[in-house]
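Structure first, then comments.
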Amino acid sequence: METVRKELFSIVMVGIISIGLAVVAPVSSYDFYLMGLLTSACLWVVYVVCWDLLAGYTGMLNFGQLLFAGVAAYTVALIEINLKMPRPLTMLIGLLTGILSSLLIGLPSLRVRSTYFALVSFAVLLVFFRITLTFVETFGGDYGLSIARIFSREVLYYTSIILMALTLITLRLIVKSRIGMALQCIREDEETARAVGVNIQRYKLMACLISAFFTSLAGICGFYYMGHVGPEVFGMMGSFNVVIMGVVGGAGTIFGAALGAGALSVLLEFMRPIAEYRNLGYALLLVAVVMMASRGIWGSLASYFKK
Amino acid sequence: MVQTVIVFGVIWTALYCLIAFGFSLLFGVAQVLNLTHGMIIMSACYVAFLLVTGLNWSLGFSLIGGVIGSVLLILIIYLGFIKKLLSAPHTSMLLLTAGLANAIQQIVILTVGPQNKFVPTMITGGTTIFSVVLSNQQILSVVVAFALVVLLVLFFQRTKMGRAIRAVTQDRSTASLSGINAEEMYLVTIMIAGVLAGVAGLLIAPIQTVTPEIGWEMMVTAFTVTILAGLGGPIWGVVVASAIVAYAEIITAFLIAPMLKEGAAFVIMILTLMFRPQGLFGKGRL
Amino acid sequence: MAQFLEVKNIHKNFGKLAALSDISFSVQQGEVVGLIGPNGAGKTTLFNVITGFYRASSGQIFFKDQDVSQAAPNKLAEMGLVRTFQIPRPFRELTVHDNVAVGTLFNPERMHKTQLSTTEFVEKVLDGVKLLPQKGNLAGNLGYGNLKKLEVGRAQGPLPDLLLLDEPFAGLTLSETESLIEILRGLATQGLTLVIVEHKLKELMKLVKRVIVLHYGKKIADGNPEEIARNEQVLKAYLGRRWSKSNA
């Protein structure tokens, strides 16, 4: 495949970084803490890169990326707690519900401008937040749902690295392919895209489903890692952080978004003690980047070098 | 029970009208999707709260302070930020206003604390209408809200400036050619939106718990009403849409669960976008 | 095939305004047809209806014997019917090369028939519209004249059999127009069927063998350029009654 060959360099880089990550934690003396940090960072990378597919490439700005992760996680949690099912089946169902939830935002936005997608994503998030808080017996209200640790930390750590690598490679190949071209044309000018033969509906849906697929997997992984899922997954802050990481890192460039995710998620963790200031800072960072370097750090650097 | 629903529906229709008007004005005139609108309303609530409880100002001055605060805030947001990005794609504007909205929310939380607040009412006591018990505050809110809506409609249809603004909404360049200063009209519109947001906040604050979340709730409401009404439609379209959303929410709250009332708005939003994207009364551009 | 493109009794209303009334005509493969009429006559509306951007209020469109009255623009592009836009609408963040390449990606069977690689094909097209030196530039950086040429180039990406051009000469200088006329003539020689909406009548007449005239949404004439230039109704439509009476 022509595309794979062209992208060999990126694929190898991803492989090297992944292996590096896989070795780092067990070798260092800060084991658990570092492992947790890196697991979390890998998952954030998945979230942000999937967000980038929707927002950076297709122009569908999504303020509710974590919706898919949250739906998948809650589904898995509910099944684990209430039913007795073989684990692979549980995860599959979780994955399916996560993917389906993307249709809640995707379908209504099909016939209208992509900017409406953004506003619908807000609304969906808010509704799900409310639902988890309303039906307290089912969803555990503020406390959410918890289970005992099933998989070991190492297993989940390695899983998250593999998931991150897979997501990066797959998405990179997709955006360099015909699909990626279609998505960018949709972002640039929907009418013109139609005029040259692009089926807008089909590609928008495709982007939603692909984005939701990996995000859901990450959500499930996150759930097993924490042993817990709560209404905050449907909160504004989480998904907003995804947006910030994507924009600051570089929307429309898979690796830029990944970099933003990696760096900012680690920073997020370190700044936990000053959470409100951190949130304010992140919000202002977004404003600054949008006003000055609309392509994010990666994108700006990339176009600087292109000249 | 039915009377309660009807009467409360009226109250919230009026209030939603105010919220939606402010939002759709900016959307219609300047093509700006201002996600900070909800936060401005929330800020007005908090400003009033602070002035009354913190500085012990009299209620009247606090209210005026709240409105002035909103207008100032919206002007800062427009002149300092939005204006610079007018020529950028819509996504940039969305990101910008989302970032600003979050920043405002965080500043409020940092300043005042994340707990729910209660703003004292402007007038006390209750009245009974159609055997439904209402606080006088609620009645005051409705009356003021409706009065403002009527004033707005008159302004846009009868006054010279109102018509000028409508001209700019339809076609900025042609309006300029007719001698209308589009820039001025934008500023006027923004200030009106600010006033509407401020008043909306002040009317809502005394009859509902003020939390940092209401900024986003207002946003969802504003957006739902605006798309249901449709862009470019007649002004009373917003009134009708507000009524539909308000009643849908109240009925949901009564019959299903109070916390789920946004669900009603959400369902309306989805249905409108899927089956009638131009809204009930909208014309053309999506 | 009965007719290559057949437009049958098309009506299009916007509310109470009848933008198009009972428009019927057909175009054979290989023709080069002009579509003219005073401002507001409905030319762009007709274009939008034919190319699937508007739905007709009544009537039918047939392309290659298939009923395409309800077809979406991308379906039409797949079948070989492509349009350009009066105000250029390039993919700004894509290169000139990619702007043309997009069309090829979504019509792989036709691409295959040309036996060319994507790059070869795109460069051939760009050479045809005299934009080859710009191929690596972002479309958003091009000047107006080049953007109009890019419109024509991009429209060839899907390898159309029928190309509808909406005011391709609008806003171009005399030499740019001449250049574009050459390009379009070249396309016609290659077998592309063209339907061109234009206001620049003198230039248009150099290119087309047949002209259809619209006025207030109705077709008022259909013939070769000489006939049209003498047609009483056409003169009246463009110039007013007094002029036509004294000069018929």
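We just call them A, B and C in the order they show up, numbering each chain from 1.
In this section, a contact is a pair of C-beta atoms (placed from the backbone, for glycine too) under 8 Å apart; a residue touches a chain by one contact, two chains touch by 3 or more.
Model, not experiment: these values are computed from the prediction.
If the chains shown are joined wherever they touch, the resulting network is a simple chain of contacts running from one end to the other without closing. Looking at which two chains touch through the most C-beta pairs, you get A-B.
The mean-CA centres of chain A and chain B are about 32 angstrom from one another, to the nearest whole unit. Taking each chain's centre as the average of its CA atoms, chain A and chain C sit 43 Å apart. If you check the complex, the residues on chain C that touch chain A are 51-53, 72-74, 77-78, 82-83, 85, 89-94, 98, 101-103, 105-107, 154-155, 157-158.
On chain A, the positions that touch chain B within their shared complex are 55, 59, 61, 63, 104, 107-116, 118-120, 122-124, 126-127, 130-131, 133-134, 236, 240, 243-244, 247, 276-277, 279-280, 282-284, 286-287, 290-291, 294. Listed in rising order, the residues of chain A touching chain C in the complex are 178, 181-182, 184-185, 187-189, 191-200. Chain contact summary for the complex, chain B toward chain A: residues 33, 81, 84-85, 88, 90-92, 94-96, 98-100, 102-103, 106-107, 109-110, 216-217, 219-220, 223-224, 227, 257, 259-260, 262-263, 265-266, 269-270, 273-274, 277, 286.
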